[in-house]
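The structures come next, written out as structure tokens.
Look for subunit A in each of the two complexes below; its partner is subunit B in the first and subunit C in the second.
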Partner chain A sequence: MHLHTGTHVVTELFGMQVNLDTIFTTWLAAIIVILVTLAATRGRAMVPSGVQNAVEMLVEALCNQFQDNIGHKYRQVATWLLTLFLFIFTSNQIGLLPTNHLTASPTNDVNTTLGLAIASSLAIHFYFIKNKGVGHWLGHFFKPFSVFVIMNLVEEVARPITLAMRLFGNILAGEILLEVLYALAPWLVPMIWIGFSLFVGAVQAYIFTTLVSIYLKESVE
Partner chain B sequence: MVELNGTLLWQIVNFVILCAILGHFAYKPMLKVLDDRKARIQNDLDSAASANADAQKLKESYEAQLRDAQVKAQDIVSKAVKEAQVQAQAQIDAAREAIAKEKEAASKQIERERTEALEDLKSQVAALSCDIASKIISKNMTPDTNDRLIAESIAKLGARNAGK
Partner chain C sequence: MEKPRHTRDKQSDFNPLRSAAVASGAGLTMLTCIGLCVYAGLRCDEYFGTSPWGLVGFSILGAVSGIWSVIKQMLRK
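Take a look at the complex of A and B:
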């Protein structure tokens, strides 16, 4: 049995190998997120309803979570974290669309998840330097003692890799299993798995975002 | 399946652009609306609490005024009752005094009239006695004559009293 999930259409762009299908589904996810959030902010009614109500409820719940994790200065990184959640959530669900392999989750490509994780790590360091200065940033690698620099550097590398692999593994495994289930039992069983995958997609988006917010705490507080 | 390539850089750039777009066009106005709503709700709650406190103060003030008014009204009623009692007592005393005076005056009048009547009776009896005596002396008296004289004397006495 040949599995379609996890294979990519690779092309060369500006001298780089690029997974075109991942890029396209990333743009699709981005467009969906942009359209939904713009639709939610178009009315700006004091008493919300419809899309505005739903998106505001989600954004408010996430902001409360970020505030709990980071503190009252969470607004500084709210844009990054909200975008992370909305993009990862939407990306995770795209692979569940019944399109006969036309769409796969961009998050089933390790390039996407590692890209997001590295970008988040860079953001963590950027906000650390912005809020506390280069001296403190360099100093924090040597805390609590200077010998800890090795462990701290390993942690700095491990953090984005674990973030990326957790998301990538969950989504890729979910989609592979979905494809296998379609081949083995085309009726009902895949439906149940799709329902579970919707839940997994939401949970993984939440975990990724919450972990990044916890990592950002030291940079922002 | 797990192959790193240029897509990673593309994804970082894509995500940063998406962040910039959403941050500027979506989150900024949305968070502003949320903040405005939060501020408005807080303001409304503060206003409601303030209005409630004012209403409570006003209620307490009204209750205090009501209590004062009740006390004053009670005082006024008590004073009025006392004054009425005093006045009634004074009127009763005055009436008793007047009755006593009237009674005394009536007693004096009765006493005076009784005295006058006695004096009058005395003088009439004396005159009648004198009259009877003079007639007895001047005439030989028979029983008939005696009766007639007495009748005449009584008639005279009656005429005198009627002419008085």
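Take a look at the complex of A and C:
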């Protein structure tokens, strides 16, 4: 049995290999997020309904979570975290679309997840320097004692890799299993798994965003 | 009978999804720290010809860093 999940349409650009399907689905996810937020914010009503209602509920629930994790200054990073959640959530669901063409989730490509994780890691350092200055930023690597600097640096390198691998592994495994189940039992079983994958995609987006918000606490508080 | 206020607050603060996120983060970070350091140890041995001491030293560093990382994550409120 030949699995299609995890294989990509590759082209070469400026001497680098580029996964075309990932590029297309990343743009698709971004466009969907932009359209949904535009639909939710155009013609806002005091008593929300439809898309506005759904998006407001989601944003409110997430902002409460961010406030619990970060503290009262969570608004400084709320836009970054909400964008992350919406993008990852949409990306995770794209791979479940019932077509054979170019619909692998962008998050089943490690380049996307590592990009998101490295950007998040850089944001954590950016907000730390912005709020506390370079001196404090350098100093926090030497806490609680100077000898801990090596362990703190190993952790700083491990953190984005962990974030990226968790998301990538979960989404790739889900899509591989979906393909295998479809080959074994084309009717009922894949549908149940698609339902479960919808849930897994939401949970993974939530876990990624929650962990970034927990890491951001030290930078923002 | 109504529960005491402090018990009620602690229960309402508990978020199973957040706890799952933190726990999975801690476990995976430990694994990644060890993996990174083992890789660094192997490369170190290959480059400097110090086998097996690079691997031994970096493995210990990875394990200690992993445990330190888990302790830090568990101490975060």
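Note that the second predicted complex is superposed on the first by the 220 of 221 C-alpha atoms of A that agree within 3 Å, B and C clash if a C-alpha of one lies under 4 Å from a C-alpha of the other, contacts with A are read in each partner's own complex, and residues count from 1 in each chain.
We take it that contacts are C-beta pairs under 8 Å (C-beta built on N, C-alpha and C of every residue); 3 or more make two chains touch, one makes a residue touch a chain.
Just so it is clear, the structure is predicted and the values come from calculations on it, not from any experiment.
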Quick one: subunit B or subunit C, who's touching more of subunit A? B
Pick one for A:76: touches subunit B only (first), subunit C only (second), both, or neither. neither
By the touch definition at the top of the document, which applies to A:56: first (subunit B), second (subunit C), both, or neither? first
For A:131, select first, second, both or neither according to whether it touches subunit B, subunit C, the two together, or no partner. neither
Output check: A:214 vs subunit B and subunit C. Expected answer is one of first, second, both, neither. What do you get? second
Report for A:206: first if it touches subunit B alone, second if subunit C alone, otherwise both or neither. second
Under the stated touch criterion, which partner chain does A:119 make contact with: subunit B (first), subunit C (second), both, or neither? first
Using the touch definition up top, name the residues of subunit B that touch subunit A in the complex. 1-12, 14-16, 18-19, 21-23, 25-27, 29-31, 33-34, 36-37, 40
Counting only contacts in the complex, subunit A reaches subunit C at residues 65, 68-69, 148, 150-152, 154-155, 157-159, 161-162, 165-166, 203, 206-207, 210-211, 214, 217
The subunit A residues in contact with subunit B across the complex are 6-8, 10, 13-19, 22-23, 26-27, 30, 33-34, 37-38, 40-41, 44, 46, 48, 55-56, 59-60, 63, 75, 78-80, 82-83, 86-87, 106, 109-112, 114-116, 118-119, 168, 172
Of all residues in subunit C, those that touch subunit A in their complex: 13, 15, 17-18, 20-22, 24-25, 28-29, 31-33, 36-37, 61-62, 64-65, 68-69, 72-73, 76
